[in-house]
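The following blocks contain the structures, represented as structure tokens.
Note that subunit A is present in both complexes that follow, paired respectively with subunit B and with subunit C.
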Partner chain A sequence: MTGFIKEFAKGIIISNPVFILALGLCPTLAMSDKLENALGMSAAVLFVLLCSNIVVSSIRKYVPAIMRIPVFIVVIATFVTIVNLVFQAYLPSLYESLGIYLPLVVVNCIILGRAEAFASKNPVTASIADALGIGIGFALAITIIALIREILGTGSLTLGDNTLFTLPVLGEHPITILSLSAGAFLVIGLLLAFFRRIGVAKNE
Partner chain B sequence: MPEFLRKLSPLAFLTLVVLVAVTLLVVTESFTGPVVEKRLQQQIIDQMEGMFPNVSDWEFEDDLYTLYTNSEKIGYAFLATGAGYHGEISILVGLEDAETVKGVVILSQTETPGVGSRITEPDFLNQFIGVSIDDIALSQDGGLIDGLTGATISSRAVVDAVKQTAMDKVAQIEGTE
Partner chain C sequence: MSNLITIFITMALLNNFILVKFLGLCPFFGVSKKLSNAVSMGAAVTFVMVIASIATWIITQYILIPFNVVYMSTVIFILVIASLVQIIEMFIMRTNYALYSAFGIYLALITTNCAVLGITLWNITEEYNLLQSIFAALGGGVGFTLVLAIMSGIRERLELSDSPKSMKGLPIAFLVAMLLGLAFSGFGGII
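The block that comes next holds the complex of A and B.
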């Protein structure tokens, strides 16, 4: 059980995929403009990562070495397509706003990376812990970025059709650049620097 | 195991994985497909009601909606598909009678944002209202529709699809009467 918690905690902080490993930055940059998009992306990545880790780990002893990567890609692509179909049917507005980034989860290096580096070498329980840790680590990272960008960039926070709150001064004069692409780079850069600073301090 | 069989076994494994994957996807699609279909249908009906505000009833036959207000025929509606710059453009066309356009709405498109995507704007679409089917063509081709600057392919795709499908449907309407 302690092993499970260790694998789980590892992904959230010390090897956070976005802030420490700097993986999966493409969806993080593109889909962190709004809290809603960030949550949708997180759910998709967490689901695909969990399912692919479970499957890859349970078939790891039977996969011929030469067919490893093709098999992993088929497994991941299947789950991504399932997420696509489900979002399209039941969450149409989220499906619209995630656009091309939802199918692109197939080539998200976090997922193939965990399949190849972890799930293909470890038992199922450890792989589940790893997927949950890395998945939640990714979700936390993209959500933090989205919160900063949406609150400062638009002056308010919305979820679905509801406006959760509007800030007094920023509501009228939002820092619009933060909700644009350039703002994504600025916010991620600053946060990466911040977490690198903490991480370095810990290593020493 | 003979040599050739051992060489084939990785391939057999991959084939097996793909078969399982396809089965899973087909099962998922059988659940989600009807939901998506139903919503598209609802979208068409909403747009149709926007185009013909006093429609009270309609018939759907051979991909053609015939619309009625208290059993009096007020028009027709049907879908047209244009070959756009990046992909299919799905269009809902409304006809007042067998000659005149009532309205044109873009249901879905994947044209270049800010360029071809302007085909969804009222400035472009409102040009179709009240135009005779014979006059549907870009103004440079002698018609009454002004194409969008820098988006001739997208504009022409819509114009051609509306005109072609409208002519087919008019033939269908006249054939049944």
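The block that comes next holds the complex of A and C.
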């Protein structure tokens, strides 16, 4: 049980996929403009990561080493297709705003990376812990970035059709650059530097 | 014809793959330290994007739509791209070894490059016809190469610059990317 918790906790801070390892940057940059998109992307990545880690870890003894990458990609692509269909059926507006980034979860290096580096070498329970830790670490990172960008970039926070709150001054004069694509680079660049400054991540 | 040129310019400058759509960031931050590497990588990506666009367009029109399995496009496309890259690699290795040694190693990296899968999915979403898909892929590839080349020039100077310790490497590259993104948003008035 302690091993489970250790694997789980590892992904959230010490080897956070976004802030520390700088993996999976494409969806993080693209889908952190709004809280809603960030949550949708987090759910998709968490589900695909969990399922692919379970499957890859269960079949690890039957897959020949030379064929493993194509097999992993097909496993991941299958779960991505499932997520696509579920989002399309039950969350059509989120499906629209995630656009091509939802099917692109298939080439997210976090997922293939975990399948290759962890699930293909470890038993199922450890792989589940690893997937949950890394998945929640990713979700936390993209949600923090989305909160900064949406609150400062538009002056308010919306979820679905409800506006949760509007800031007094920023509501009228938001820092628009943060919600543009350039703002994504700015916020993530500063956060990466921040995590190095406080000593969580290593300097180069 | 004007429609095709519009698609080309939109994909190259306005909807730039790296700066606006955030696709293909790994080579952007990883490879782009030398100009010659950046150009070879860009050329390889452009080439694969065009070939993959043609192949996936044919597959979508003549296999996926008639059999009503468009929802399988993600799985099929990734397999098609992976095998295409393998075939291109073997073909170049046999026919033109000089070319292979110039960008052979980049081809292997392209299989999981999101820019290539991105353009094929984009063609489907925008419902482009074959010619439009080819121009979109060309534009996307040219824009990708352009930004990679610009970035490699800046990276060479960044290596020597005296940036704060915790900003060195990736963080400062992100800030440079932000400035590039702002500069590219100035192209918004072209169309």
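The definition used in the following text is that the second predicted complex is superposed on the first by the 198 of 204 C-alpha atoms of A that agree within 3 Å, B and C clash if a C-alpha of one lies under 4 Å from a C-alpha of the other, contacts with A are read in each partner's own complex, and residues count from 1 in each chain.
FYI, a contact is a pair of C-beta atoms (placed from the backbone, for glycine too) under 8 Å apart; a residue touches a chain by one contact, two chains touch by 3 or more.
Every value quoted in this text rests on a predicted model; they were computed, and no experiment measured them.
Q: For the overlaid complexes, name the partner, subunit B or subunit C, with more touching residues on subunit A.
A: C
Q: Applying the document's definition of touch, where does A:T78 land relative to subunit B and subunit C: first, second, both, or neither?
A: both
Q: Could you say whether A:G183 touches subunit B, subunit C, both of them, or neither, answering first, second, both or neither?
A: In the superposition, A:G183 touches subunit C alone.
Q: After superposition on the shared chain, which partner residues are touched by A:L170: those of subunit B (first), subunit C (second), both, or neither?
A: neither
Q: With both complexes overlaid on chain A, does A:V63 touch subunit B (first), subunit C (second), both or neither?
A: In the superposition, A:V63 touches subunit B alone.
Q: Which partner does A:V124 contact after superposing on A: first (subunit B), second (subunit C), both, neither?
A: neither
Q: Which of the two partners, first being subunit B and second being subunit C, lies in contact with A:V86: first, second, both, or neither?
A: After superposing on A, A:V86 lies in contact with subunit B but is clear of subunit C.
Q: Between subunit B and subunit C, which residues of subunit A are contacted by each of them?
A: Residues 70, 74, 77-78, 81, 85 of subunit A touch both subunit B and subunit C.
Q: Contact residues on subunit A for subunit B in the complex?
A: Against subunit B, the touching part of subunit A is residues 59, 62-64, 66-67, 70-71, 74-75, 77-78, 81-82, 85-86, 88-90, 92.
Q: Contact residues on subunit B for subunit A in the complex?
A: 9-11, 13-14, 17-18, 21, 24-25, 28-29, 31-33, 35-36, 39
Q: Could you please specify the touching residues of subunit C with respect to subunit A in the complex?
A: Going by the criterion above, the answer is residues 19-26, 29, 71-75, 78-79, 82, 112-114, 117-118, 121-122, 125, 164-175, 177-179, 181-182, 185.
Q: Write out the stretch or stretches of subunit A touching subunit C in their complex.
A: 22, 25-26, 29-30, 70, 73-74, 77-78, 80-81, 84-85, 99-100, 103-104, 106-107, 109, 112, 177, 180-186, 188-190, 192-194, 196-197, 203-204
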